[in-house]
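Shared between the two complexes below is chain A, which pairs with chain B and chain C, respectively.
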Partner chain A sequence: MINIITIIITVLFAPLAGAVITGVDRRITARFQSRIGPPVLQPIYDVLKLLGKERVAVNAMQIIYVIGSLVFAILSLLLFVLRSDYLILVFVLAFSTVSLIVGATSVRSPYSKIGAQREIIQILAYEPVIILMVVGMYLVTGSFNIGSIAEHEGCLFAQLPLVFVAFCYVLTIKLRKSPFDYSTSHHGHQELIKGLTTEFSGLQLALIEITHWYEAVLFIGMLSLFFAHPLWLGILIALGVYFCEIILDNVCARTTWQWMLRFTVVLGFSLAMTNIIWLYLKY
Partner chain B sequence: MKLIQKAAGKSPWIIHYDCNSCNGCDIEILASLTPIYDAERFGVVNVGNPKHADILIVSGSVNYRSRRVLENIWREMPGPKVVIAVGACACTGGIFSDCYNIIGGVDKVLPVDIYVPGCAPKPEAILDAVVRATEKLVHKREELAARQAEHVAKLRAKDPKGGRNAEKQ
Partner chain C sequence: MNLLFCLLILLPAAGLTLSLVIRDPRARNAAVIAVSALILAAGCAVGAGAIVNQAGPSIAFSHKTAHILSGCITGADVLLLFFVMWCGVRKRRYTSPFLAGGQFVLLLFFEIYARPETDLPLFVDQLSLVLLLLAAVIGPLILIFSAGYMHVHEAHKGGKSRQNVFYGIIFAFLFAMFLLAASDNICWLYTFWEITTVCSFLLIQFDKTEESVRNAFRTLDLNMLGGFCFISGIILLSLFCNTVSLHDICKLRLAGSLSGNFIALGIVLLCIAGFTKAAMFPFHNWLLGAMVAPTPVSALLHSSTMVKAGVYLVIRLCPVISGTTLGSIVAAAGGFTFMAASVLAVSQSNAKKVLAYSTIANLGLIICCAGIGTKAALGAAILLMIFHAVSKGMLFLAVGTIEQTIGSRNIEDMQGLLKKMPFTTAVTAVGIISMLLPPFGVLLTKWIAIEAAVWSPLVLMFIILGSAFTIVFWAKWIGIISTMSYKPRYERENTLPCMRTVLSALLGLVLLCSCFIGFIYKAVLESYVEGAMLFNSYSESLRLDINDMSVIRLSGITGDTVGGFAVMAVFLLIFILMLFIPWMVSKTKSEIIRPPYFGGELYGNDIRGIDFMGPKDKVEQVIVRNYYFRGVFGSDTLARLFLSVSIGIILIMVGVTL
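The block that comes next holds the complex of A and B.
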């Protein structure tokens, strides 16, 4: 019964929280550029407007992939909230992205296809680091279960500082923030028009936007897991990390995917691996 | 439903097409998006993708080459959509109106909703046009909703049993 209530609260309120996070993000970005910026609820206005647009689809299958992406994102957040298996969560989250990629490649637009290919390269870069993070947590707590990880005595960050840094770095790629916003960008013009989302419009784009809201909440949760005692401190630190991502978004120019892949393998992968080897030797 | 109606005017995403302009108007359009004027406080985003856009801002007079592109962009935009003609050339053809290759203003090709005269118009005037366009967007959204409801009702009348199918068509 408690589980059902948790599910309902998560499904209803997580996107609202995600929308506010995104709205504050846009507001802070505006302030960095010495502008006033849009209202905090602007992302909600955007989605409502998109829902009211004329329905235009390039092909009949497009919407199914978009819904798939949304459903898998909700499912991964539910797995997190219901304290299920962390590895399963990582795989379900990957499904969500893959679904969007398949949707983007189902059309004939070259912009959409190149965006999708870049997204695949992004997955290639960040997925090993996320899995290494889960492995690191297993080495410390002896369990893949999120409940056991959250209830673990002592601060996970003390045992996994390098993994935390690597995860923060990888989060920039996952959130598609500058310097890694080349598959699709939050901002207007770029070399691929809108990359991955070029051929999605109206309802489809609204669903993609809602997917991003769920993901934002999930990432805040994943970050706060490093500082689970007390939880409010973890959430506060996670929001601080998100703020740093916004700063990074504003001060960086876009890089190439070759640079990203090289840098992630060298920095992200080796940071996480060093931490895990250290843990392995310690225990 | 009412929220969707209201939100139609709250996030005008614009696409800008330079038909045949001398770049004077284009510079002013981009100036209205800079931090000084901050168009984003009205929810304006310069998307550069017709499939995401609500407002088409056109500068320059239309000629026989740019006509095809202009029409194509307009067709790719999902409704409700608004066209703004910025500058004397886009409004009437301007100084080029008698040239052999010029068709005329944008209204010779597309249904223009808002004209911004001037050579070149001030960024304030362009921003004002965008804000006016948001009112038009709300109005057009109401029309679209009414048209869709009418269409569904017509299909229902034709085939009373196929309720779910009627909505799909």
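The block that comes next holds the complex of A and C.
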């Protein structure tokens, strides 16, 4: 029973929280650029407006892939709040992204196809680091269950500082923020138009936006696991990290994917692996 | 039960005779299909019987019969070795005759000095049952598929029909495979092992082109090397343990130092034999070359069954090596193969090559699990063996069908395939998804493998990197075949009915296997894993438990749960989505169709977006290709690096026992 209530609350309120996070993001970004910026609830207005737009599509299958992406993002968030297996969560989240990629490649558009190829490269960069993070948490807590990880006495960050840094780093890639916004460039009409999302509009784009909200909440949750005692502190720190991501987003120019892969091997994978090795020697 | 099992073994022999004797192609095809159906039925009956009785069939021999049979089988082996020598000398390729000669000398030595007197039975336990059923279910299906495929294949190629030889060899292969699975006597196993090698050799050079002959000999060379290691291992084990029973060998425990331990060396040699058959790095080259064979051969021998004999042997030895240094090295070798093959697959655009690399990768993962050697890992290894065989068999056949229709096996040419071949494309897509995504079995075993490997960082790193690269090459492929324009006019596929039936059957099998992972584990594997790992305290550190509702649970040594996943629940969710999405689509009928965005340079009013206005107002076709990173992942330097590292691992494996 309590599970069902949790599920309902998560499905209903997580996107709202995600929307507010996105709204604040836009507001802060605007301030960086000496603008006032839209109201905090602007993302919700945007999505409502997108939902009301006329239905334009390039092919009939697009919408299926978009829904797939949304449903599996929701499922991974549910796996999180229901305290299921962390590693399975990571795989389900990957499914969500793959579904979007297939949606983007299903149209004959060079922009969205190249965007999708770049997104695949981004998966290649962040997926190993996220799995290493889960493994690191197992080495400290002795469990892959999010429940046991959250209840673990003591601060995970103290044991996994390098993994935390690596995770923050790959989060930038996962959130498609600068300097790693290859697959969907922030600003339209660059070399890639809007990359991955070029061919989505109206309802489809609204669903993609909602998917991002769920994901934002999930990432805050994943970050706060590092500092789960007390929970509010964890969430606060996670929000702080998110704020740093926004700053980074605004001060960086886009790099090339080759650079990203090389840099990820050093800063992401090696850092996390170093941390894992010392944990391994310790226990 | 035993009678049924005898029938199952004899049916391929009947098929062999029929396909060689009957001259009329139609009658022959009918006979092949009928015998295949019978094999399928007998296989299912044997499987069902074994599950109901909780024990597989076993045929005991009297001392005298065993003696005669052993003599026959050794004789067959000698003939086989001479055949190999003859083939090699005739084509002036001397590596395999040399190795075959070496095997002959060792065999002679073994027969004279080292053979212990035994009367071991044919015996099917749960692990053998898995291998047996894979051959007995997928084998006939692929034979039925070939009845259609080979007809078209030979029509393309021209020349005299040699289909009778083709079916004959495949029946001979199935015969050897059934006996290989059931043999407890490791000398018999060795002979059937060699028969499968020769079948593979003959089928690879079936088309008689220069390339196919070259690749066939490469296969023969590497597998003869494996056979050489095999017979050396048998001699060592029978000299120092005085047994040739596979089950007795599995009860050995390598205690203390491995150094100077001849029993350990024998086990290592058997492992290397398994590695060659399973196309592990550095022996992987033969499997890539084997892709020149007709596609049903690739599906049957080079991904679903024959290569599984290699992993079967290593999985058998898992209780022996579990928890030892040897186990760690085997795990590292398997993990390395998984990573290296996945990396190299990224640069391939040839669909069969991608499948071949992915096969190598998955075989590596199975062997890696066997090397990790906890109960959970052993369970995962056997489960992956099943899932991989079914999915990969289906994918190969789908690619074969596609190739016959579009005349290319290049992934780039599969753009817009959904329109031309809706059914086969759907099958391919499901196949790819079943190799990649939750809740299908392959991903679940990958998940168990990662959770089982947490205490060995090197292996862990290999598996994690490999699994990331796996996503890359599958996602690229599925992206290509899913490309389509708005509401295309689907064309009718003119695939032959027998090919279509087989693809549907395999599709059903893929879904069933993943849905009933709980049943498979409970009914077949659990008792094997528990029994094989008896008295091995190391293996207790991670246990696998799958209940009837397919909720997978992993528990540590104290019984506390360390991870879990409800497969059924996710399948249910996907099922609901499958109902929900078509409903959504029917709701979205009023969509306005637009061509894709081309920066305003689209040519004409065609909404498919095929042509655009290029420089100087020239009309050009839109062609977007995938990234293949040939400069990085396709480079010779990388391939050579992988090869030398893997040779290093094999040398280390031998070195620790010296």
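By definition in this document, the second predicted complex is superposed on the first by the 278 of 283 C-alpha atoms of A that agree within 3 Å, B and C clash if a C-alpha of one lies under 4 Å from a C-alpha of the other, contacts with A are read in each partner's own complex, and residues count from 1 in each chain.
As a working rule, a residue touches a chain if its C-beta (ideal position, glycine included) is under 8 Å from a C-beta of that chain, and two chains touch if they have at least 3 such contacts.
Computed from a prediction, not measured in an experiment: that's the story for all the values here.
Asker: Comparing chain B against chain C, which has contacts with more of the residues in chain A?
Answerer: Between chain B and chain C, the winner on chain A residue contacts is C.
Asker: Who does A:E54 touch here: chain B (first), chain C (second), both, or neither?
Answerer: both
Asker: So, does A:I114 touch the first partner chain B, the second partner chain C, both, or neither?
Answerer: Once the two structures are laid over each other on A, A:I114 reaches chain C alone.
Asker: In the superposed arrangement, does A:I36 touch chain B (first), chain C (second), both or neither?
Answerer: first
Asker: Looking at the overlay, does A:I193 come into contact with chain B only (first), chain C only (second), both, or neither?
Answerer: In the superposition, A:I193 contacts both chain B and chain C.
Asker: Which holds for A:Y45: it touches chain B only (first), chain C only (second), both, or neither?
Answerer: After superposition on chain A, A:Y45 lies in contact with chain B alone.
Asker: Which holds for A:V20: it touches chain B only (first), chain C only (second), both, or neither?
Answerer: neither
Asker: Thinking of the overlay built on chain A, is A:L82 touched by chain B (first), by chain C (second), by both, or by neither?
Answerer: neither
Asker: I'd like to know which partner A:L248 touches here: chain B for first, chain C for second, both or neither.
Answerer: neither
Asker: Show me the chain A residues, by the header's touch rule, that chain B contacts in one structure and chain C contacts in the other.
Answerer: Shared contact residues on chain A: 54-56, 193, 198-199.
Asker: In the complex formed with chain B, which residues of chain A make contact?
Answerer: That would be residues 26, 30, 33-39, 42, 44-46, 48-49, 51-56, 188-189, 193-194, 197-202, 205 of chain A.
Asker: Of all residues in chain C, which touch chain A in the complex?
Answerer: 416, 436-438, 443, 447, 450-451, 454-455, 457, 460-461, 464-465, 467-469, 471-472, 475-476, 478-480, 482-487, 554, 556, 560-565, 570, 573, 577, 580-581, 584-585, 588, 590-599, 608-610, 622, 624, 626-627
Asker: If we count contacts the way the header does, which residues on chain B are in touch with chain A in the complex?
Answerer: Spelled out, the residues of chain B in touch with chain A are 3-8, 10-11, 35, 38, 40-43, 45-49, 51-52, 54, 78-80, 141, 144-145.
Asker: Spell out the residues on chain A that touch chain C in their complex, using ranges where they run on.
Answerer: 54-61, 63-64, 67-68, 71, 75, 84-88, 91-92, 94-95, 98, 101-102, 104-114, 116-117, 120-121, 123-124, 127-128, 131-132, 135, 138-139, 142-145, 193, 198-199, 203, 273, 276-277, 280
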